[in-house]
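Next come two complexes built around chain A: one with chain B, the other with chain C.
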Partner chain A sequence: MRFSAYFILISYLMAGTGLVAVSLTNIISPVFLIATGILISLSFFLSILGKPINIQRLVWNSLAIIILAAGLIDYLLISLSLIDASVRFLTILMVAKLFDLKTNRDYATLYLLTFFQLLAASASTVNLSFLFALALYILTGIWALTIFNLKRDWEEKSVAHNEIAKNILDPYFFIVTAGLAALSLIITLSLFFVIPRMGVGFFPKQTADTIKISGFSEKIDIGDLGPIKLDPSIVMRVELSGYKTPATSRLYFRGISFDTYNGAQWQQTIKELVALHKNSKGIWNLKSEIQNSNSEIIIQTILLEPIETNVIFAASTGIGVSGNFQNIAADKMGSFYLPAPFYSRIEYTAYSLLPAHPKPILPEQSYYKEVPLQYLHIPSGLDRVSVLVKGITSGKKTPLDKAISIEEYLKKNYRYTLSPGIPDRSIRKQEGKNPVEDFIFYTKAGYCEQYATTMAIMLRTIGIPSRIVTGFLPGEWNKFGNYFIIRNRDAHSWVEAYMPGAGWTTFDPTPSADTVGAMPAATTAIGLYIDTLKWKWNRYIVNYSFQDQMNLAKTVEGKGRSMLSKLRGSFNTKTVASKWKDMLLLITAVVIAAIILITIRSLVLRAKGKTRWPNTPLFYKDMLVLLAKKGKTKKTGETALEFADSVAIEGVKAATDIYYNIRFGGHKPTDEEKAQISAYLISIRKTLP
Partner chain B sequence: MSYLSAPLPWLTAAANLLTRQKQISKKKIGLFVLPRTLSFTKEGKRFIAILFVIGIAAINTGNNLLYLIVAMMLSIIVISGILSESTLRGVEVCRILPRHIFAGTPVIVKWNISNKKRIFPSFSLVIDEALPNKLTAESGYILKLPARTTLAQIRPYIFHKRGLYKLEGFKTKTSFPFGFFLKGRRLDMPEDALVYPNIRPTKQIAAVKFSKSGELPEKIKGYGTHLYSLRDYTLMDDARVIHWKSTAKTTKLMAKEFEQEGNKKVKIIFYNTLTESTSLPANKEETISGLKDEFEEKVEEAASLANYFITSGFEVGFKSLTTELPCRSGKEQLYRILRELALIEPAAGSKNMPLTVVVSK
Partner chain C sequence: MLTAADCFDTIPFMETFLTDTPTKISSLQKNLEKIIKGKPQIIKQAITALIARGHLLIEDIPGVGKTTLAHGLARSINCTFQRIQFTSDLLPSDIIGVTIYNQERHGFEFKPGPIFANIILADEINRTTPKTQSSLLEAMNDRQVSVDKITHPLPEPFMVIATQNSLEYVGTYPLPESQLDRFMMRIRIGYPEAAAEKEILLSSSTELQPQRLNPVLSTEEVIYLQTLVDKIKVDDDLVEYILTIADATRKSSMLRLGASPRGAMMLYRAAQAFALVEGRAYCVPDDIKRLSISVLSHRVVAMQGMEEETDVEGIIQEIVDGIEVPL
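Up next, the complex of A and B:
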């Protein structure tokens, strides 16, 4: 390949990488992208064929001014976003530059533009693909910049082009470049974690599309959750601290609860929000819940996609939340709220109490006074339902037993479907007076909302305070990353009933999806693996924080200390094997320390421009060779003087004295001494057989 | 020995100054001298500026992808450091100087540049002689020096002044791989180079010198090597004396007659002194500079005379206030004289002995 073609190719590869980077941002439309791609290809072929379009400098400058003006108009009048306008501006400028690549300066400008494109992408996306764009940029960047720099150097030094082609355009050069790119990526990631974070910076700009969701506003119509039950969009990923298996599969990620039912719609009438206080550990907590609790606390790390609500989720009974938030509020029903809906992925830690099994207790006289009346309100026209409930709960004494019997009744006698009633409406002869009656007596099929509403109302008909809660089921367990993938289709509604002695207790009358055959197909292993990468990317790169850095430092410090203490206590250990192991560790440490010291010493000596002693004088080396030939070899570790004594030849002793003076005394041999040395060597040759 | 005493303190200062400049001592490399030099190129400065700006943006926004780009840029610096070090490490340069070097005259010096590394080649290497002020030596450039290979390069040098040059070594530098930084390494290759004074055309000078010091030595027929005259060949002559060119021209045998060798003897006497013969400018520095120039002129004059007489077949001797060489002929004698003149220093003199060069029989 000709050098010029090679250079053009790698420069265009870099330009292509820049385009890939900006395409991740979703700022430029597919049409714009395709048009840009076509223009880049055209420019590439013209350059390769050696027929570039000659643009006059004046034309080029005018074009640049027009592009700049268009960029400003885009920013001020169209997009009103600096990032969006910059991405388009940079892309157009890059394409224009590709048609005007003549000098080294033009190429340098092109590389700079591609870098700014990468920069713009970093400010506009949090997609995992950015990592691949970055890796690609590092590869093409290192390759192009190296060749560019060599080209510039040899042009300066007037090296012939055939020499360049011979020396540089070989596979070895590319392999080394690829290796360096890999090394650079490793260094990049290593540095990323150690660059000090300042702990400032709130939410970044919107970096992901908001997911449409329903069921988490002040009102919920029966049937609201239906459409999203078919939506596979991921809403959140949840890692349970200390859990490597989905052991706590019946977790409910609680969002919002509703207290009042008007026959067709649930509402939140108890909506007084209380601002939570952050404790010394940085947790906004509901103090009362913590104080009253003896249950196990489960800590969840939640990565929540942007959704159309300011509700944030916590498993079961949430008792606190921590994260990079300005403030958090909670309502009296135990839901957490941000000040406003968020427009980017957020990561936070939720602290929850695992639900304990309540004991059946008979209610005291004051039982009903503990809860607001809204939890007992029932709409009119539910007489048939009351009669049914009394039948179901007959013989049950405690509220808990009654609630369980209703839950079981609904689970056993009703069918799970995502299209309740509608397909059967044409053949149905009768309908209920309201959705609850319709579900219980006519359709007998529905999904979580119908089940939960029905149970809550049934409980209220027998005087048990109840409410419905919307949130999410744990979804799919990702065995590669050990976390739950929770999708829109995992949205769920369930019941909380107030039990004497136990407080609000969760009941779920909906048959589980797997038992009714409504479970969607599991994600493939590759899908799970890719999702793990996304999770790690978001968890450890996009949302890496000052706190994470502190934790990392503490972990490293802790590991270091434990290693040291292990080393210290090595001689107290009982087993011989571990003693040897520790001894080996100690020796390794000493050897490493010695190597480091020797390296430093040699560096210092090199800096001084000399070794500690001058080199051995040549005559002494000659003498040693001569003596060795005669069978007198200087042993390793034997000093020159000791060797001279052992040889017991006068000439050797005298020469050794001179050798000491020269090597260690800084003495310069005189002509007389030189002559003496020659004489000694001759005499040694003659003396020995 | 009266001329050894200094008549004026500034003359001693001038002499010391001249002496010091001839002996270019090797710079001591101490603990605080880094083994590598590093400077930013224009692109490197821009790169660092962009790095700072993005770093500040990353801190302000808390955007981790900006931190990632900052980390990438830092890794580029690290990679650049590793590669430039790899390029400089293991490179050795050996110079081969010509036997005779004359001040102000270009000479050809051979460099043997070796890469002692086992695996890694060196790229884009610029090599300079580490004594730029005293001599002009063209930089060497190597695009790629494969591992375990040696390349030879021929570089022209110009030593500007006579004297003993203590060449220290080489400076190797590279902007490889990205051109952001210029990293340099010093390669010690100490070597002495004796530079003779410049030799100028001297026929006229020689004539003037002789007119001052006496007549030119007469040419007498004898048994030397230089042609004296041509005459007709006689049977008494050796056949080896026949001058075939003249024989061909005249169509009769012609014989060569030679000059008497012993008669062509001259001695160049160089009064290497600094005295009041030189007019004293008011400014001391100008005075020293003027003296220096005058002294160097005389040294060159002596060298030129020596060259002229040696090439003219004379036996030439040399005498100065500090040394004396007996009369001898041939190129070796010329180099002996030039060596003396290369190192000659001003000696303190008296009024009777102004700075001058004299040719005597």
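Up next, the complex of A and C:
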């Protein structure tokens, strides 16, 4: 491949990387992206074929003004976001520049534009892929700059460069540049972990991600039945500290509970929220729950995607939450709430009691007064259900035994389906008076909400207080990262019944719920592995907190690395001066830049060193190659002039004079001479057989 | 009249140089071509030696114009010229001068010899005794003479053009290698081409006399040209080329003695001067290659059995042809 082709290819690679980085932000629409991609490819083919469009300077300048105006309008009237507008502006500008690549300065501008694109992208994406885009950018950047340097160096001495670029673009070149890219990344990342931070990013996103969640909702309406689609998108990732294998007993990630059933819908009548107090360890405690806790505490680190709710989840019985929040509220049913729905991924730690195992004991008199009456309320018209329940629970004495027998009954006799309430009602001869009756006596198939509702109602008919809870099942265990991947399809409803002596106890009458955990791995090993990367990315990069840095410092200190810990010591207060941070960033940036520049320089020098007579104008070498092809080979002991005399072809002598002048006289060829040389080369090509 | 100091530092060298110098050198060349027919390359080399502050040894059979060339070069410059015919009874004082007692002034007085001139033609230098030879050669090297502990500087420019007849052996004292090393170049004039010889034959008796030449350069101009030589650009690769050539003569199996460091130095300087003669401000490989025989062949000694001088030139040519020319 010709050198110029390499140069164009690598410059476009860099432009492409800029576009990839920008595309990760979701700021530019797919249509825009595709159009940009097509334009870039078009200009690439035009350049590589050597047929660039010649845009007049005037046209180009007015185009630039239009683009700038469009960018301003975008910022001031449409997106109102500086980042969004500048990402679009930079992208359009880059595409325009690609059609106007003539001089070296144009290329330098292009590189600068891609750099700003990357910068803009870094400010507005938390996507893991950005890391790859960054790595790719560093790599292509080094390539482009090296080749650019070579090109400029050669152009200073030569007039045309048709020499094959094999001298530089060898495996060594690619290994060194890839190594350099990796090194820069490592330095950047290690810096990331060391430098203290207060916030998450420089430019927190302001616009809301409107992710549609079909899994979890704050309303349960079993009167309105319809098929449910399993949504595999991930809702949260949960790491259990200390656990390297899935927890032995099944965890239920509790969202909110409902106390009142009106015959079709569940509602919360106990809506009162209590602001929690933060204790000295930074945990918002749910006091009532902590008092009677003898159980083991399970600590979960949860990375929760925005799902348009202010509910935050905790396993089993949540007793506290810590995280970077202003405040946390809780309701009387043990659910946690943020002050407002959140629109970006959040990370928090939840503290929960593992489920208690109640003993089958008979209730005392006070039992029925311990809980509000709502938990025993049943709508009218459930006489038939009541009769059935009495039958199921006959012979059972304690509330626990009764509840277990109802749970077993539902699991055994009813079928799990995602499309309940079979649409074609003509097939069905009868239907119940209400959804619960319909489920129990007629359809006998349904999904978790119907099972849970039915069990809760059944419990109430025999005087056991109950409520319904919505939340998530643990989902999939990622063995690479040791955490649970919880998806929308893991959304679930279950029942909590008030057991004498034990309090609210979880029951799950849904049959498939047992099998969910045992389901064959929904994700391939590679998928799990990639998700682990995403988890780590989010956990350690995007949500990497000051606390984590403290932990890191402690670990380092613990390992006796006194040097580093001393260094950390100067940072480990909240009064960390931002100038320190800036200084460190600056120094590292300078170091990385220096390393990159030195490498580029040495690559250039190496490429030159590998060429015999690197200072010789390429046109002369080209001429020798041309003449050699025609059977006129210059002997090594022959001077250029002697050779020219012996060849005796018009143009060779004149070209040799110019060559001498450039090569030994340090002369810079004028445009006229360049044209002359081209003419000579053409005439030599023609005259020879 | 431009002086070196006027030119440099203020005006880029190339521009100053290109406006003025080539015309001066070519007028000198043209002047010499009036009396030396068909030998432009020899004339160029003679001019090269002049502006490189070198001395020239012309070695050839009689009657090819050795003396004419030397005389002509001297005549072309508006300078003092002395011709010393070397004979076996010539004494050093005959060249350098003597100190005599001046009765009027009641003291000794130095009477400068013929060496106190800008251009000296030392005719048939190998006919005199080594003692006299060496007195001349010392003066050539130091550009000054010392008589009775008093140092007398020689005029600038100072150039010795020596001739010797290579075929004569009887009654000659061949110059030893150490003495030959003082000459920047040894050139041979050789027989003229047939056409040139015809021209020589047909020309009138006075036409080829050096006496009829008019000076075209002043001594100041010669000194200026000599300073210009130092400014001639020599690429690093060309320096390497020179060193490679010198080294190759030392390693050659055909030579008993290779070129001295002075030889390499002289080649460097001669190449610079030759570039200037060619009208360039920079050296090219051709300058070095073309001069290598003239500059090196009298400094090397061939192995036994190859004593003939022409053989040495052939050996140098062969060596240089085998060395890669910087591209």
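The rule is simple: the second predicted complex is superposed on the first by the 457 of 689 C-alpha atoms of A that agree within 3 Å, B and C clash if a C-alpha of one lies under 4 Å from a C-alpha of the other, contacts with A are read in each partner's own complex, and residues count from 1 in each chain.
Note that a contact is a pair of C-beta atoms (placed from the backbone, for glycine too) under 8 Å apart; a residue touches a chain by one contact, two chains touch by 3 or more.
Predicted model only: the values in this text are computed from it and were never measured.
> Is the number of chain A residues in contact higher for chain B or for chain C?
In the superposed model, B touches more residues of chain A.
> Have a look at where A:445 lands relative to chain B and chain C in the superposition and call it first, second, both or neither.
So A:445 meets neither chain B nor chain C here.
> Now for A:666: first (chain B), second (chain C), both, or neither, which partner does it touch?
Touch status of A:666: second partner only.
> Would you sort A:681 into first (chain B), second (chain C), both or neither based on which partner it touches?
After superposing on A, A:681 lies clear of both chain B and chain C.
> Can A:150 be said to touch chain B (first), chain C (second), both, or neither?
After superposing on A, A:150 lies in contact with chain B but is clear of chain C.
> Please work out whether A:142 is in contact with chain B alone, chain C alone, both, or neither, and reply first, second, both or neither.
After superposition on chain A, A:142 lies in contact with chain B alone.
> Considering only the touch criterion stated at the top, classify A:649 as touching first (chain B), second (chain C), both, or neither.
A:649: touches no partner chain.
> Under the stated touch criterion, which partner chain does A:361 make contact with: chain B (first), chain C (second), both, or neither?
Neither partner.
> Touch check for A:33: first (chain B), second (chain C), both, or neither?
neither
> Starting from the residues of chain A touching chain B, keep only those that also touch chain C in the other complex, and list them.
In the superposed arrangement, which is not itself an observed complex, chain A uses no residue for both chain B and chain C.
> What residues of chain C sit close enough to touch chain A in their complex?
14, 233, 235, 237-238, 280-286, 289, 320-327
> Name, in rising order, each residue of chain B that touches chain A in their complex.
28-31, 33-35, 43, 50, 54, 59-72, 74-76, 78-79, 83, 123-124, 126, 141, 143-144, 175-179, 188
> Help me check something: in the complex, which residues belonging to chain A touch chain C?
612-613, 615-616, 620-621, 624, 636-642, 660-661, 663-666
> Which bits of chain A are touching chain B when the two form their complex?
108, 115, 118-119, 122-123, 125-126, 130, 134, 137-138, 141-142, 145-146, 148-150, 152-154, 157, 159, 163-164, 167-168, 180, 183-185, 187-192, 195, 197-198, 200-202, 204, 541-544, 603-604, 606-609
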